[in-house]
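Take a look at the structure set out below.
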Amino acid sequence: MPDLNTGDTAWVLISAALVLLMTPGLAFFYGGMVRAKSVLNMMMMSFASVSVVSVLWVLYGYSLTFGNSGSAWLGTFDFSGLSDGINDMVANGAYYPIPVLAFASFQLMFAIITPALISGAIADRAKFVTWVIFVAIWVTVVYFPVAHWVFDFGDTDTTGAGWLAAKGVLDFAGGTAVHINAGAAGLALALVLGKRIGFKKDSMRPHSLPLVLLGASLLWFGWFGFNAGSALGANGTAALALMNTQVATAAALAGWLIVEKVRDGHPTSLGAASGAVAGLVAITPGCVFVAPWAAVLIGLVAGVLCSLSVGLKYKFNYDDSLDVVGVHLVGGLWGTLAIGFFGTTAATSWGANGLFYGGGTELLVKQATGAFSVLIFSFVATYIIGMLLEKTIGFRISRDEEIEGVDITSHAESSYELDSRSGGGAFGGLLAGNRSEG
Amino acid sequence: MKLITAIIKPFKLEDVKAALESQGIHGMTVSEASGYGRQRGHTEVYRGAEYTVDLVPKVRIEVLIDDADAETVVDAIIGVAQTGRIGDGKVWVMPVEQVIRVRTGERGSSAL
Amino acid sequence: MPDLNTGDTAWVLISAALVLLMTPGLAFFYGGMVRAKSVLNMMMMSFASVSVVSVLWVLYGYSLTFGNSGSAWLGTFDFSGLSDGINDMVANGAYYPIPVLAFASFQLMFAIITPALISGAIADRAKFVTWVIFVAIWVTVVYFPVAHWVFDFGDTDTTGAGWLAAKGVLDFAGGTAVHINAGAAGLALALVLGKRIGFKKDSMRPHSLPLVLLGASLLWFGWFGFNAGSALGANGTAALALMNTQVATAAALAGWLIVEKVRDGHPTSLGAASGAVAGLVAITPGCVFVAPWAAVLIGLVAGVLCSLSVGLKYKFNYDDSLDVVGVHLVGGLWGTLAIGFFGTTAATSWGANGLFYGGGTELLVKQATGAFSVLIFSFVATYIIGMLLEKTIGFRISRDEEIEGVDITSHAESSYELDSRSGGGAFGGLLAGNRSEG
Amino acid sequence: MPDLNTGDTAWVLISAALVLLMTPGLAFFYGGMVRAKSVLNMMMMSFASVSVVSVLWVLYGYSLTFGNSGSAWLGTFDFSGLSDGINDMVANGAYYPIPVLAFASFQLMFAIITPALISGAIADRAKFVTWVIFVAIWVTVVYFPVAHWVFDFGDTDTTGAGWLAAKGVLDFAGGTAVHINAGAAGLALALVLGKRIGFKKDSMRPHSLPLVLLGASLLWFGWFGFNAGSALGANGTAALALMNTQVATAAALAGWLIVEKVRDGHPTSLGAASGAVAGLVAITPGCVFVAPWAAVLIGLVAGVLCSLSVGLKYKFNYDDSLDVVGVHLVGGLWGTLAIGFFGTTAATSWGANGLFYGGGTELLVKQATGAFSVLIFSFVATYIIGMLLEKTIGFRISRDEEIEGVDITSHAESSYELDSRSGGGAFGGLLAGNRSEG
Amino acid sequence: MKLITAIIKPFKLEDVKAALESQGIHGMTVSEASGYGRQRGHTEVYRGAEYTVDLVPKVRIEVLIDDADAETVVDAIIGVAQTGRIGDGKVWVMPVEQVIRVRTGERGSSAL
Amino acid sequence: MKLITAIIKPFKLEDVKAALESQGIHGMTVSEASGYGRQRGHTEVYRGAEYTVDLVPKVRIEVLIDDADAETVVDAIIGVAQTGRIGDGKVWVMPVEQVIRVRTGERGSSAL
């Protein structure tokens, strides 16, 4: 076991903090996009994920994902409560000179954000308690296994590596395990819950675009931890990941706005925010396997592709409310496959050469295998979980509750109270309780 | 001509709009209000504190209409805005001496 | 003196930045909770604390807290302006291979947030200038000494350690010096200033729950620096602190929401935010002395306990407006005492075993001594300071100012101006100056 | 070439992330300050800068700034797309044991925020597409060269250093290259575009002061990366930079509020936010060359000076809408010159002694040379670029668009939609499309 | 029946509500407005800029009432809303031809 | 006395205010509203979704005036609020039985 490296440890610790911040960031990104009557519920779905997944992670989640089972499919069930090996270094395919709890914290934040991403597909209409239960089941049945497949490189001699990791599928920071996984699950839940009242008819414009931009900004900031932190050390690989993340995101933002400008005449701020997220998603799997100029291209294509994809729901009539499919599934697929084209060992020696670097289609086929395995498994499993919940305790709120607004009916609150009864409030102080039933 | 003012529950706005349209009503003005009457507010508990909310949010709809149509329009509004629970609202009718369409300067019934 | 360790230094520097961010986070958390007419004043109390305490820290604060006086009660008064020892390493009980200014910066951020925490108790009704003077006096008379008691471990041979540190009271990151201290002071000031007009009668719902959630999120994020940064290095201790902070907070969030769901029928977003903060507070003193599963328990109990405690003010009739007592005092007490039960040297070797680990009641008694010493000193001293100010220059604004709103009367501003006179604004552009007296 | 140092690398990576966050922070700071009808446009100008500059940086920007040309005026044009030297260490006057891409990422963030700063001068009235083109031209013609002058210390033997760097002008983190540069450019653009409709007549109060404070807070937080990250390592220099940044900012906040209290009777939250930014600007060039007590003084003076300067536009009749001149130009000038007074080699050995430390006026003259060279070059170049754009594709929107609001006319969005057609929204749910023209 | 409209200072709302209640008034509708009259706005200085604010925030209260009660209700409102400073507001009375309670369809005085 | 109510396009507010002032009108009350008439809303496309916006934001202006001045004031408003495009708005005139100035208790014309 190597000596602890303080620089690597500092980087992984701060990266864990950055990735934790992404989930509130997502809450604001999503919360800003919904109408004023369901902001809090939207955010609460993310915060519930933070809460539930953290507790499960201590109980058995870390063990189920990275526990040394020898199996390519799943770790071990072990309720030690993370109390063992507090002073060990990380062994994941090789030794990393960082404390195992730094790695466990970092990976926890990935497990938190993945179910939170799904919630965008079912805005305005989910029962909160059912959502909480869904998250607990979903991470156990879907996320922990899939993360084992992709992120567990086994012991220092690689025994017990996940099957996709062992196969050589390149996914540096979670294009498959996080984004394709969440995107496919979002599609499944959108189908389970059905369309919102007013879908395709009412204006459902974002209630606060500054909040959307704040969320996107925190996501961007946190994503440096997500991608560059995945190097598990402060080194050239991390630096490459950071640079590629930045430039791909910038290019995707441009790509999305160009489509809007050309097609609709106006580049929008929602487009800027969405483009940025699309770029972040797309560069996630390949951020250390490609050169910076290729990252720019991957981002640009992601921006264009995703901006076109978010219209699909109107065509195929599923209400993926905040475009989890259009952004995370499509962006994740593109990013995972793009390594098959742009991958080069010049960027990272243990990577692989893609089609454009003389590596033939081998890598591309591997990438496609990884992407579609996760997509199919996640979609099917999520659909089954969702349907079971809908048929038993119910997943969708009533029509009246949806019309009145899920914030007031499920959480007994409304997001803003800009009037103040006792005078002098922002609007002169009159309309008393705008929460009420009316 | 008359001005019909209706104070209704907010979520009934869409229904009232639809009802007026089916009556061939050409226009309306909508604004926010709050109020109370029989529905004397209610007690809420929040984070351990208890207090009374007495002004409840409402929507105000105003329709300018020919004298002859007033009664049917009132009935149309009441028809859809009624839930039978307190707080359903009030409708009242006032005389209007003159109406002018700003765009054209037309006056009277033809301005409606 | 050891060589500088860059990894440890990087971690302490970024931790200082994270802890600084907590005070704006607190400003948003508190600012979102008040009515629209006193948002700015609420935030300004936090920013005033940043300003005043930073300047005093350079002048004499650092010296008074950590200056080598040989005394268990207080450091030295020394107006060197932090210019000495710029190139030294930190000696605090032992050498730490980080620059003394990194440590001084990190500790400054603690000194800033502690008075800011107090401000929540006196929302809507404090004179701003009096508050500024209060902060200057309070940090000098209360915070700097108490921080010396708890955080100063003396020279490398521990001469001059604070009396609580020397006694073996375990408070890793400030359960006593920060949270019990601020909580007790908040109670004192709430009594000095008296109840708000409309207390127990009017709805005083948060004017913006998204702002509350933003504040809570920044607090959470920054708290990783607060707790894990207190390791003063990037190592296993820091990693344990980070993991425990995360899981205790998650569990406390759950605990608070469960109480609300059971008691009121609705889990609220204010409850989620408050629960998270309660968990952060409670895990602060013990974050490296307990195992992760114990951290989950500590958090869960904190969420339940604090959610029940915030109702006390209505029963005992003191207007601790934003629940500084219910969250920081109660959470701080619980967290400090909990080490007496769950503490284990298996987590951190220089810690101690609590009741459940065969350590008997010894540790528990020490912890109680530390907790109540700080509580009593802080309450008494703060009450005296507050009363002196109230009787001389006055601490509370006039009745008319309070009704109109302290933002407009003290700061000549209102938080939102969503109308725009020249047309096209958010609401169609009409109501001109909604700041005015009308 | 030295071995990579993980602690230094971790610090530079996280600093890069922090500096990236400053640009969204700026977007919120500026966005909160404008009226509700131009919030999105204001923010989009910042995000456009992120996008455009990042892509250009990969294409040729880094090379033009730091490429080894041997010239004191400009780097090399080299379209390698940052693919070369991925595994090299940084050589900038000397070797730094961090990967070249970490440095390139860090410096990219400076290149991004500088044009974004300018946008505050032309709030409410700029054509978005012209702005995008302006940014691309401006960074190429103004920023990349000026950054080469100031930040490029040449090879390890200093060949090819920028002329100001070679001359010994002290500008640690960008008082000249960033703030004076942006301030002078802002003045030029304000003149090119002319005054807003209603300037000096209408109330143009900030539409959301919480947003302004959020922006200022993120700027403050990110600025630790900006200043302390410029040490390119985690060491005593970085610690000094962090401490000085904190205390200067705190003092400037106080300085601004004192002026307001004395002159207007009310300290405002906009004043607190502006004072903080003024302090951050002023301490930027000298943050490691002065002692902490001097940093307090520099900050205090900056707060007073800038608070008086923001009124100049009404006197001299130029509409620098959000005070880029008053804060960045004035603050940057003061901070750059202040080193000539307070600079001391006791703080940083490779610094220099200013007037108060027996260094005579030599340093002051150098500093003035640096400051005014950049000021004049930037003003003239920007004025020419701006005029060319105004005369060709037009830089200012039409009168009707400006009255209606640039958000709706340029981006087809409005920032807030607090009504919800289907009932139950924040305000009872009625006013449908408040975006529209009616 | 009559409709009494009162434009008052916002912080007087609670007092007016209380006064109406003590008169046995069953209901009212409240909304936001702004206005000017004698109170011609005022000059503000902010961050060095000076400008005139001419529309001042007000609250509008509307009460439907039987003809007989109009005068006493007007007096009750004025009694409490008066501060004696300009900007106190206006009250006016208009004729109403019909009032209907939405919940029951009752008309006339019994609908109040 | 009369009450003149004008529903106009928001960006015309400043012009109407100026026009009334030049007529020597002492006061007015302004509030927010939305509405439709001939201007039946319009279709918007946003992020790939198409939908109809039917309520368009308007400003409501109310002016209390002596009977004799009503006609000229109406004309003054129409004069400046007219753009000739649909959605310009409506103006209507209603009878007022009594006006009281809250500050002084003055009634009738002298209260205006």
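Here are a few things to note about the model shown:
For clarity, chains are labelled A, B, C, D, E and F in written order, and residue numbers in each chain start from 1.
Just so we're on the same page, a residue touches a chain if its C-beta (ideal position, glycine included) is under 8 Å from a C-beta of that chain, and two chains touch if they have at least 3 such contacts.
What you are looking at is a predicted structure, and each value in this text was computed from that prediction instead of being measured.
Sharing over half of its contact pairs with A-F by residue number, the repeated interface among D-F, B-C or C-E is B-C.
For the pairs C-E and B-F, the count of C-beta pairs in contact is higher at B-F.
Judged by shared residue numbers over all numbers used at their interface, chain E and chain F contact each other through mostly different positions, with under half in common.
Between the CA-based centres of chain C and chain F the separation comes to 53 Å, rounded to the whole angstrom.
Per-chain Cα centroids separate chain A from chain B by 46 Å.
Contact of a single residue of chain E with at least two other chains is seen at positions 10-11, 30-32, 34, 44, 46, 53-55, 57-58, 87, 94-95. Along chain A, residues 5-8, 10-11, 14, 202-203, 205, 208, 214, 234, 264, 268, 270, 403-404, 412-416, 418, 421-424, 427-435, 438 each make contact with two or more other chains. Within the complex formed with chain C, the chain D residues making contact are 5-8, 10-11, 14, 18, 35-37, 197-198, 202-203, 205-210, 213-214, 217, 220-221, 224-225, 228, 233-236, 238-240, 242-243, 246-247, 249-251, 253-254, 257, 261, 264-270, 272, 276, 291-293, 295-296, 346-347, 403-405, 408, 414-416, 418, 431, 434. For chain E in complex with chain F, the touching residues are 2, 6-8, 31-38, 54-55, 58, 60, 70, 74, 77-78, 81-95.
The touching residues of chain F, when paired with chain A in their complex, are 44-49, 51, 53. On the side of chain C, the complex with chain B involves touching residues 200-205, 264, 268, 270-271, 310-311, 314. Interface residues of chain A, counted against chain B in their complex, comprise 403-404, 412-413, 430-438.
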